[in-house]
């Protein structure tokens, strides 16, 4: 449910709106649901609205944890030979 | 796509899968319900099942707003368009939902109904502005994620005095549905929940506490990317094996305990609880849906037009109800894949690609139909 | 036939009215001063209600397509060039050399002549570039509200290349599945300019005539068994069609399937699958695995095939399923899309 | 390609929706269970996006026409048989044997499948009767209000008959102008069922495939110079076209021109000239005067030409005027109609 | 067609032509104006000129309602459709009349105006009934023949309370126009009138008496069939040669002295005289047109919508005015057949096939353009 | 101006309407402008209305007169050889 995707704010527009970018695709969205958005922030976009800001620190932390689990598992010898990111 | 592709990495996935396999007890089954269609979709689309050990059994929940919408509500929208001549705006998702008399909004359109697909509720406002002489009704569906945008649109309509705009409100509440599942007489055996991603960005993680505390079911809130789902499964297995029942948050990059207060305030300003609402599969669930507050009654299509929602029984053979409660699997429905397919859905679980039946038909049925010459497991 | 016309055709401010389709002088003027002038060739110049063509050697191929794209103009093309490319491709994927096109127009009353002129000029340029002339045509005008600007049906005739036998029914287990470049650019370019979706994206339609690419491929790899352009319904529909025609299964490797980042991103935003999105200048080729590298090399040597890759293989499967190993490490089916590709919110 | 479909096509109550044009299973079902079943032949059965045909001997002819008639059903026919006859005739009047048809459909969302089924059955019957198969096709669906029920574009391919050279540019002063039967039945049959005109009349469309008639005519009179079917714009437009292509004048004898009494009466009521009204199963032939009687005899010997008559002659006239000696004893021009044939009150 | 074909008989025509040739004085010219477009059309369509002696000169009058309608009135109708969004119903004849800005009703339709061709004014009522939410305006044109049907439609609208129906009234009067022609300063030399056929069935023959009595011009009322026209010409030649100036009636099968009293009463009930009305070619002519009576003012589109008729000057080169007054022939217009053709009419005489210029272009121009090899006279 | 054509009344319909026939073409018209119309009468039809009844006696008289003039002229030797009706 609730298709939403994080995109980067590249421009703040008048009246609580922003232009966001997702790999070159740019769309104007509403910021009516979130405060204090700045250019460079990632927001989660749903039906033309920013649902929430993405916490980049938390995102990186989650990724680091996932990679760590994977590395540990690889070290334990169970996963295939592929290079982990 | 930054913070998207990272969470779809196959190399990490394979290692994480191995870790889950290594960590799960071989002697027991883990019955985990992913409440959300977003998770159902990710599980199917990425083939996550292939990476999990067989003792992990994923049970698809009712978290697809299209799937839980009763036929009578679509009938209402169709009557508004065909009989009252309104411009009916809605999301692409609802256009193909089967209604009474072999109709759907798409088929009604072919019979002359003015049905317009919108991407955002603000687009429906634009339709109302552009057609001042017509009545424009927005058929709103969705859980807590989709409700605040509707609230913004209604407030905007009032601010502009858009007298020709109104709302057919079908916004529903996640915790109420989870409660209904757990309260079902002779209900499903569940060991835990993969908790909603985007719903939780709005409501926060706190509302799930009762399920852990009172029902003893662990809940792990997870993002909709496949690594999020796998990690949440790992966390649930740990809780279960540890005998814990807590609300944990895998989706920390977007979900906090309190959620999005601004969005909550918008919803509270515009909407109030309905006493009860009919859910497909779950029946009438108390305090499980929203309606416009009296201050916005002028924008309520149900008040403005005489189109009562008439309950319509499901197709006799349809097992959607049992599937939406997590009691059955799609392939256990007698008409799955024969009379009921995504091209001619009988039940609503076959409509949205987030519906359990459609997801299984579209992405997964090669697993259960007669095997091909080549083995399907890599 | 050259008639004296009292006013020049007003290609700047004029509009189509019903008289342009009524068989009188206004229609004759539209044909002379726009269609014949732009598309002009010796066959069209005959001025009859059909074209007298030379005899041709070899078995014929015939294909037809109505083009109803909306909007009429989109990044990278318009309905004019699209209608030329689409039919050339349908002839070429039959293993034939496209020779002639017929074009029939249904015009909506009120259509600006300036737009029509751009479309016809674009058709003419595409036909010239492809070396496949529009030899005969037809124009009808319908009342406003009874069409959508312009519909163009093109029909192509060609001659089969000697020694070539391609058909959707020819795929065999073990064959390699190749694609000539990234998928879905055309469909997503169209969506990016749809009124109710409009987004900004560096996506242009891939619309192109593939007969040159196909000729090069078949010269290098005459053992190619199936050629198909993945248009409506995208790669998913095309491969399902082939699987059904040939009575086989197909297994794709998601990691190998080329999709441009912007197309993938737009799909994420709209809740669509790139495998369902149309291309109009891409080629699917299925050939014996042994010849796959030679075929790929031939594709890559042509400007329209530089990004050609192998994306999967044909397997024996009575159920005729198209499956895919996901990049994530799992497996899923790639089914026909049910209904139209509608943007989703959930 | 035969797919398992979950529901049979509901040809009684069903309607076209957008999924029937989206390239998925619904479209495949429509094609299999309606188009292919009705129109079925070995070429269509190939199931590819085009048809593989045999080689053919002799120079090719190609003609295309979009059919947008409204209403779709009319006394004596419907858009289905009309679309077969129209293109067969355009190929045949080039002095060719029509061999194959391609058919492309633009369907409006909401179109009742029962109506479409009638239309396709009518096409199939017409194609079978004519011996000219529909070998390939295409189906597009557009949103309600973006078309008018059904548009059908047919394209025909044929081979020119040996020793025959007919063209609109071949008329010579002194030639005789022949017509195969009464004029305007088709156009007036359509008008009689137009919503805003509806009148009751014993008028049925003359729609018919003329290639048999033409073959008989050319066998008896291979020196025929011009063949044309007087469709849009009627006899007036057709003869003006020929006069312009050939650089000649034409003089008609009004008393000789066959028009059925009911057609003439309807024209009087509506303020129209029967010479401007379309036929869809009539033939204009221009031949050397010396061969006129032989040609007429050949026409009259065929069921579609029993009422054939000579209606005028070709003259030298740099102005390329078509004139007519009136039955009343005067003379007037027969010009192209300006605009559409609109009923007049004054 | 009984009582139609009889009056088109070529054998009778040739003998009657011979009789006219035999009876006409060779030493004088007979300048006869056929007031009606119906006669103009018959003369051209049947090639009547070929049967008459050269000294009979037929002068085309202004009796074509399309030709005399000033541009400003069509502009009004177009504005009603384009700016006020009304459904504009009218006869096929007016659709192609050139208006300002290169528009016509047909072209306005292409730009989105909802213009519908009707066969009868009662069809316009039907459109109004079928579209209760839309304003429906009937653009009425015509002389006395066409006015009574409009009156019936307006009365019917009132009887039904069809509040969305109204009339853009352009009904004009024949005798006033004939009077204007005779009163024109330095006007045309005319020896007599072929009087209207169907107008006279309504108004009778009496209204033409002043032209005979006061202006000394013989009038012969004639049917629209070609033998009627030839017989009337013969009767006029007789009167002229006898030095008589009377109103005679050739069309006795349909015209009486008093006309159709019932039709006259219908018109009198619904319409009243306008003080003056602009005619193309004739300028502003007093008491020459009708408007709705105050009792029917609610059905008057000019009162209901703010669309004043703005006078628009004719194209500089256009000689319609002189042609409609009988002062010039079509081929004397500088742009006849070049800039002005039936496909792209500049002046209104080129629009209707009853217009003098269109009739000459469509049927008669072979007579004056460079002769072909074969002689054109039989 | 004023295209109109005589047609025969073949049926009187309710509410001042009639069905007329012109060589097999039948159309429903209004009789609001004329009184005392009977089946078999000829009426002159204009924009869906009967304008006036056609006086058949006068029509025949006019035709007889025209034929008489023509015959006299033919007797006088000026017209061609065709048979007069």
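Remarks
Note that the chains are named A, B, C, D, E and F in the order they appear, and that numbering of residues resets to 1 at the start of each chain.
Assume a contact is a pair of C-beta atoms (placed from the backbone, for glycine too) under 8 Å apart; a residue touches a chain by one contact, two chains touch by 3 or more.
Chain-to-protein mapping (UniProt): A, F = HypC/HybG/HupF family hydrogenase formation chaperone; B, E = Hydrogenase maturation factor; C, D = Hydrogenase expression/formation protein HypE.
All of these numbers come straight from a predicted model, not from anything done at the bench.
The chains that touch both subunit A and subunit E are C. Superposition of subunit A on subunit F using C-alpha atoms only gives a rotation of 180 degrees, nearest 5. Two copies of one sequence, subunit C and subunit D, touch each other mainly through matching residues, since over half of the numbers at the interface are common to both.
Greatest Cα centroid separation from subunit C: this falls to F. Using mean Cα coordinates as chain centres, the one most removed from subunit D is A. Centre-to-centre spacing of subunit D and subunit F amounts to 36 Å, using the average Cα coordinate of each chain.
If each chain is reduced to the centroid of its CA atoms, subunit A and subunit B end up 22 Å from each other.
Here the CA centre of subunit B is 70 Å from the CA centre of subunit E.
Chain centres here are Cα averages; for subunit B and subunit D they lie 55 Å apart.
Among the residues of subunit D, those touching two or more other chains are numbered 18-19, 24-26, 143, 261, 264-265, 268, 271, 338-339, 344-346. The set of subunit B residues touching two or more other chains comprises 1, 4, 9-10, 14, 17, 37-38, 64-65, 91, 106, 119, 123, 142, 146, 341, 343, 354.
Each of the following residues of subunit A touches two or more other chains: 1-3, 5, 22-23, 46-47. Contacting chain pairs (ordered by label): A-B, A-C, B-C, B-D, C-D, C-E, D-E, D-F, E-F. On subunit A, the positions that touch subunit C within their shared complex are 1-3, 5, 7, 22-27, 45-47.
Residues of subunit D touching subunit F in their complex: 199-203, 261-262, 264-266, 268-269, 271, 344-346. Residues of subunit E that touch subunit D in their complex: 1, 4, 8-10, 13-14, 17, 37-38, 44-51, 64-66, 91-93, 95-96, 106, 116-119, 123, 142, 146, 226, 341-343, 352-354, 358, 361-366, 369-370, 372-374, 376-378. Partner subunit E is touched in their complex by these residues of subunit D: 173, 196-197, 249, 251, 255, 261, 264-265, 268, 270-271, 315-319, 321, 323, 325-333, 335, 338-339, 342-346.
Partner subunit F is touched in their complex by these residues of subunit E: 1-4, 6-7, 9-12, 14-19, 21-22, 36-38, 63-65, 91, 119-123, 142-143, 145-146, 148-149, 152, 196-199, 201-202, 224, 227, 231, 234, 250, 252-254, 260, 262-263, 266, 354.
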